[in-house]
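You will see chain A twice below: alongside chain B first, and alongside chain C after that.
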Partner chain A sequence: MLDITALNSGYGRVPVLRDLQMQIGAGECVGVLGRNGMGKTTLLRAIMGELPAWSGRVTKSGQDLTTTPTQLRARAGIGYVPQGKQLFKALSVHENLRMGCVKDFRGSARQISAVLELFPRLVRLLERQAGMLSGGEQQLLALARCLCGQPDLILLDEPTEGIQPSICDEIIDVLIKLRREQGMSIILVEQDIDFLWQICDRVLAIDKGSVVQVIDPKAAGSTEAAKTFIGIEG
Partner chain B sequence: MDLASILTIEILGSVAVLVLISIGLAVVFGMMKVINMAHGEFLMIGGYVAIYAKNWAGLNFWVSSLVVAPLCVGLLGLALEWLVVRHLYGRMIDTMLATWGISLALIGAMTMLVGNTTTGISTPLSSVTIGAYSVSGYGIYLICLALAIFVLLYGLFRFTAFGLQARATTQNADMVAALGGNPRRIYSMTFALGAALGGLGGAALAPITGVIPTIGATYIAKAFITVISGGGAVIAGNLSASLLFGTVGQVFTYLYTPVIGEVALLVAAVVLIRILPKGITGRFFRRSI
Partner chain C sequence: MSRILQTLALLVVLAGGMALPNLVELYTVYEVTVYVVMALLALSLAFIWGKGGIMCLGQASFFGLGAYAYAIAALNFGPGLLAVAIAISVPTLFAAILGYFMFYGRISDIYVGVITLAVSLILMNLVNSTSGPQYRIGAAQLGGFNGITGIPTLAWPNGTPLDPAALFRLSLTLLVGCFAAISLYLRSRAGKVVIAIRENEYRAELLGYNVALSKLVTFSAGGALAGLAGCLFANWGAFVSPTVFALVQSAQIIIWVIVGGRGTLIGPILGCIALQWATTQLGTQQTIQVNLVLGLVLTFFVLVVPAGIAPLLAKCARAVTPSRSRITAKEKQA
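Let's turn to the complex of A and B:
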């Protein structure tokens, strides 16, 4: 599905990702954890094309995306839910969902209906301005908007940040359903170990821009191993 | 009663003129945060295109001013966006300098082509009599044209896929790209739309002002005042600022002289910006387009 080889990237002249390697198969969910500033968000932005690859390769299903512009990566099936949601706050919920269908507006009504079945909480909020929603509702909308684009790989950047537990549960349910029913691949950057452990097949620990350990959530002692990478002792 | 009707029409005419000279600038500034110093020259070229399309090509005035002028100036805007402006997005001062350079180049080019004398065109509509008074039929047409522009722009931004993308791009261009949209294309089309509206405004005003290569300078100050005072919302901001300044200017013109009317308009703008630094829609109608 997605193959990243020796990827180097960063901001301006400051390197963040250093020879990063990772692969994700179809229908797989891979978690990414690490301390702040280790390159988790940078990795997602580099996959999405918002940051240029200084060297290395990014391929998806055999298609080289290394120098492909962001919008063409989205059209190649990569969906992105960035940190902070990045909603169009002055637009209504429905208009945000329509923007999720920007690749093909003709099928937007059908696609929005299908996505709203996954997020019934949003149905009564369709005419409300996105900026007026609660943090949890905004997170659901950001995920719903991403799914309107019918991606086969989604990149999620800290979806539980500042979100109440009931919304986190809703997000987990949706992600599990997407994997089971649509075979969707997911790369999930998250600091909440419980969240990661519920849906990820494996978790990559990142330190100083490189993958330093692959953790199997089902393995004994995996939680303790993960905690050391996000700076929680014991 | 007749006098009140005439005064109302004169005020609305003054509002319409402000709308016609500033709406293109408002679209470009409001949607792209680009301060286009060449907007006055888009108005000037729109006027020349309308005049030459009628006088040389023999086209009907309405076709020249409503179709040919906005189309030609829109294409010019598209080319300038592609050649110059798109390389400077996010660099406001650089964009101002570049468009100022374009402005000077367009003035020089037009002066070489047509000379530095005023070219005119006859007003295509006769006057309308209201009681003991008469009012310009073309002035009433300008009011209708300004209204039609607002209705069409509202429909464009509110109900079309382009409008939705344009509003989204204004808020977060990176996210539009991450969803599969093309912000560069939206910016190009928006700049071309702003230029076309400038061309339309210049063509519409040509019969009452005449056209000279330096006429843009007389438009641009009022256009900027209207756009900045209106604030971030393109349509609500432009409409509210035009209504305010058009009314103030025309009322003082009626009570005193046109010069006092101009001064009153500028004083009103200074007071407004002092009270509302983010413009009218920075405080009121904030959720409008």
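Let's turn to the complex of A and C:
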């Protein structure tokens, strides 16, 4: 599905990712954790092409995306829900979802109703302005809009940040359904270990821009190992 | 406003406008024509800045290019449709080239504003320095700061020039037509992308939209509209000078848009007409400096009514008119 080989990238002249290697298969969920500033968000931005690859390769299903512009990577099936939701706040919930149907705008009604089955909470809010939703509802809308683009790989950057627990549970349910029913691949950057452990097949610990350890959530002592990488003692 | 109401309102304005030259003096028709032409210019900025989020501080560039292109083309090829086509094409092409470097070069909003403003000042200085007899394009003498005089008025296919009433009707029809076309465009998919980019350019790109291309199309269309306004302006006065590129001209357009309501299409048109009328009245009385008053009006609106006239009126209308949901709630209680 997605293959990242010896990727180097950063901001301006400041390197952040250093020879980063990572693979994710179809239907797999890979978590990414690490301390602040270690390159988690930078990794997602480099996958989306927002930051140029200084060297290395990014390929998806055999297609080399290393120099492909951001909007074409999105059309190639990579959906990205960045931190802060990034909604079109002046547009209604329905219009936001419609904007997400970038591949099939004419068939947007069908696509939106399929997505809304996963997010029943949004159905009664369709005519409401996106900026008027609560933080949790905005997060659900951001994820729903991403799915309207029919991606087969989604990148989620801290989806539980500042979100009430009931919405977190909804997000977990949706992600599990997506994997099970649609074979969706997911890369999940998250600091909430419990959240990661419920969904991920494996978790990559990132330190100074490189993957330093692959953690199996089912293995004994995995939680303690993860805590050392996000700076929680004990 | 619902689509039906909006269409009805446009038809009423158009019908009323068509009858106006029969009801008022010729001088009034002449005066109102320039309001309508400037309203078209205001509409161009309302589209690219208000709807597209592109902060263009030099919209006068395209207006001036349209006026000069029409003058030169009309003097060389006659005042027909070819001259109008050239008057629209030149600013459109200029906007497309300028926009290409700005948007594909990922220039940030504030620098787009600075660049467009600088371009309009460069154009003004460039045209100002063409006063020598050697600055001539075919039959058109550019005339430097004196401008081009004796521009032939647009003619019917049989060669008869448009009289002031016909020019007014044409200008109004174009204004209403462009307003309707932009409104329709904004309801289409491409139009929604324009608004989405204004709201969140970063997110629109992540969803897979070509932000640079969309902004380029919006900017060029705005240039075309301003060029059309310039063409009509040259027809109206039969004269064009470098002041069409001046800072004052660009600033006025921005003031019309801010006062009328930046996020709307109708607001800048209302703002333009109201301020044009006020400017004319103050200028006639010569009791106070007009630019000073315009500055005070702008300051007042920025501080007290930042949303502008149109959103304020809409808010008042909503407050007065009971909404359907409130009526339903009352009915339920009853």
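Keep this in mind: the second predicted complex is superposed on the first by the 234 of 234 C-alpha atoms of A that agree within 3 Å, B and C clash if a C-alpha of one lies under 4 Å from a C-alpha of the other, contacts with A are read in each partner's own complex, and residues count from 1 in each chain.
By definition in this document, a contact is a pair of C-beta atoms (placed from the backbone, for glycine too) under 8 Å apart; a residue touches a chain by one contact, two chains touch by 3 or more.
None of these values were measured; they are calculated from a predicted model.
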item: Superposition on chain A - do chain B and chain C clash or fit; value: clash
item: Partner chain(s) touched by A:V102 [first = chain B, second = chain C, both, neither]; value: both
item: Partner chain in contact with A:S113 - chain B first, chain C second, else both or neither; value: neither
item: First, second, both or neither for A:A90, with chain B first and chain C second; value: both
item: Which of chain B and chain C A:Q182 touches, first, second, both or neither; value: neither
item: Touched partner set for A:P82, first chain B, second chain C, both or neither; value: both
item: Residues of chain A contacting chain B in one complex and chain C in the other; value: 48, 50, 70-71, 74-75, 80, 82, 86, 88-91, 95, 98-100, 102-103, 105, 145-146, 149
item: List of chain A residues in touch with chain C within their complex; value: 48, 50, 70-72, 74-75, 80, 82, 86-91, 95, 98-100, 102-103, 105, 145-146, 149
item: For the chain B and chain A complex, residues of the former touching the latter; value: 161, 164-165, 167-168, 171-172, 174-183, 287
item: Partner chain B, residues of chain A touching it in the complex; value: 48, 50, 69-71, 74-75, 80, 82, 86, 88-91, 95, 98-100, 102-103, 105, 129, 145-146, 149
item: Chain C - residues contacting chain A, complex; value: 189, 192-193, 195-196, 199-200, 202-211
